[in-house]
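Residue numbering begins at 1 within each chain, and the chains themselves are lettered A, B and C in the order written.
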């Protein structure tokens, strides 16, 4: 019997957890197939199978799931990540993700590999979370245990390398606040990172901030956000607000994102008070590239003027 | 002359009037742009009907539909006032009993009606956004300086495909301008716009519904061949445009009026052709009777109040209804 | 301390609560076009609609002299749990000096909860405190009991007799001070409703529609365009998935209320609680189907996180259960005519399908 082919959608938390999943599943002798890069065609399919009001990242995700089904994988891996910190959850759409996929795409139920994840920290390696899945795939507990150990140490190493950033103070540094799937999906944000780099700009994101700093900032807040990744953005955002090395902040927000509407409002009011240049870029399934370029160019010009 | 039933569709962009006979034959048909004075247009239309049919007619039933149905319903004394989704489904299934899917695109509304065995089983309607409606095309046509009537034919002349963002009118506009700068021709841009409209329609209304034939496309926008072609491409099948595509709502409501009269056996409550000489006035005031402070709309004919609506408690509307009942009972 | 609070459903219950503790109350005006405009202007564009309306209500109440806002928090992951904090931040930013008393779940922060409670209790004894809470609870139950009858009988009362009694009932309930009085009013109103010459049609001629969705838009009629009254006026009986007394049960006695049972019914569609009432919404559809309802209307604010998840599966549920479902998103841009057209067409469809099925049964 050949290896089991497991599809991972190149969307949502793929951009955060792929190193972990890659290690885990290779240790479990499962062949991983990552969906193709986001494309127009994929997004169109995603749009077709989702309700029009839902946020773009979910539409993108559905497009990737369909892409994997097309590639003939045995299962698509859609974990239900409930919490990666005590009493702090992910957005309701993550909590209901497998339910939503199961009930939006016809005849997909048997193609979904899902299990619940509740963890105390960023690492997804909690053994208990995987027991049901291991049973379903006939994987022994021992094998699962060791695979998780290895995946975890690989993950910790990876996080450490992310933290090593050198800021060149001579050029402009912009902090990008936004979820990984908005920052790193080149199609959906129209290659924002490349555009900024071509303008010779340093970029920092929340993953480059030590989680202890993030947590300290969150503690200063009257009531922490309910959503873990929003908290990470919140902590990093307030850290950037105070940091003199950061010349400006761009909040990259997806059309229809609920948590962003809350955090964005706080940051905008406080950035204003801290006199830190702040701009919200709203990404949408349709925004034109010229529109985006105009806005970031104008913002960069403003920062240059301020710095000189 | 046999019985005649009148159907009036008060849309936000057009006002349509038809008269049908007992066999559902169309005796009269009028499609006019709604200039914002529906009452005057309806009076004018009824005058035209009278001339066309040589004064020798008696109306046996009246139905009113469309977003402005309530007010005109009062004025005409309609026997039935119904929403346009039901009216459209009625007319289309009459002409095409095997209808599976109805695409209806009007000026500010677009609708999808799914029909099975002659009965509507599901429908969808655009909610807040104009991007999938006729006004989207109107707006872009104006922008390109092309009369809307030529729009569809031009789309068919396009040699290349270009994708235009269509989720929102404003984005579409900026995208259209930038594509023009890349050197795409007007007809290619127009084809792109037609496809953007249909794509929008598909995304917002159809979504992942499994559509079945026959496919009927109606409403004011159905005259546009570019849109028809884009629909055909999207569903991969032939699209039928009914002969009376732009007045289907009016036909449907006329048929419903006929059914209503047959069912109740009552005489029509139509106010008669004299209304064309009446002067109507609509005013509104805030009732301060309670904390609701409802906006009450009052319709007067020749200074006499014929309808009041908008009050939630019935304080005002009941007075009129009460009077009407008394009149009916005394047979006046 | 001049207290105000969000306007949601039968507000007289909240007003009564503060009245019993001798607080001065600034009644929030029923949300109007003006409230919405005001709220939209002062809220982030992508905040959900209830946030904006409540913002408008607060601004109107502040203008009328309120200096203290009492509201509930929550622990998410629905955005509503964060409303209080963000309202406060924005009002502060605009220079409005108001105190917020935000009630979060007691287990989140027990001492904060008690501190808030004492502010409400003011000078009353703890004995009075419990007595008053009991009165409020009974009042909420009594009003909901009456309203459920109204939602049924009003469908067969085109001349407004039922509405008249309902309006008077609310005035009477507003005057009560003791549990005996509540019981008296409830009995009397029920007798009044019984004495009307309204005959419920035979079972096969009745049409019942359930309303589900996000709690604020389901309960606040001025925001949902009085959808229950409209449905009733089309001769259709209505029941909704949220009543204030159920909400009290859920919040304070989470494992004893009906909602546990309802959630279980929705579990095959949404496995776990995901915030808001998404799981109940789905469970209610199953429940309505089981109870012989003919259609379901799903209401939600545009962009509502939990209800978007439930909306995603409505097509499938409608097909699985063979029950028509209409979903309506509400925000400041939705036109009343649009809602009305869809509701009307939906009822036509429900009626046609019902008679088609009856014919099928008859002809085997």
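Observations
By definition in this document, a contact is a pair of C-beta atoms (placed from the backbone, for glycine too) under 8 Å apart; a residue touches a chain by one contact, two chains touch by 3 or more.
Since the model is a prediction, treat every value here as computed from it, not as a measurement.
Between A-C and B-C, more C-beta contact pairs join the chains of A-C.
Taking the mean of each chain's C-alpha atoms, the chain whose centre lies closest to the overall C-alpha mean is C. Inter-chain centre distance (chain A to chain B, centres taken as mean C-alpha positions): 45 Å.
For the pair chain A and chain C, the distance between mean C-alpha positions equals 35 Å. Annotation: 34 Å between the Cα-based centres of chain B and chain C.
For chain B, the set of residues that touch two or more other chains comprises 207-208. Under the contact definition stated at the top, the residues of chain C that touch 2 or more other chains are 302, 329.
Residue numbers of chain A whose C-beta contacts span two or more other chains: 50-51, 104.
Interface residues of chain B facing chain C in the complex, by the touch rule stated above, are 67, 82-86, 109, 119-123, 125, 127-128, 207-209, 291-293, 312-314, 318, 321. Contact residues on chain A toward chain B in their complex (touch as defined above): 40, 44, 47-52, 104-106, 284-288, 290-291. For chain A in complex with chain C, the touching residues are 50-51, 53-54, 80, 82, 87, 89-93, 95-96, 98-100, 103-104, 116, 222-223, 225-227, 253, 256-262, 264-266, 269.
Those residues of chain C whose C-beta lies close enough to touch chain B in the complex are 29-30, 32, 159-160, 163-164, 167, 226, 229, 302, 315, 324, 329, 331, 333-334, 337-338, 340-342, 344-346, 348-349, 352-353, 356.
On the side of chain B, the complex with chain A involves touching residues 163, 165-168, 171, 174-175, 178, 199, 202-204, 207-208.
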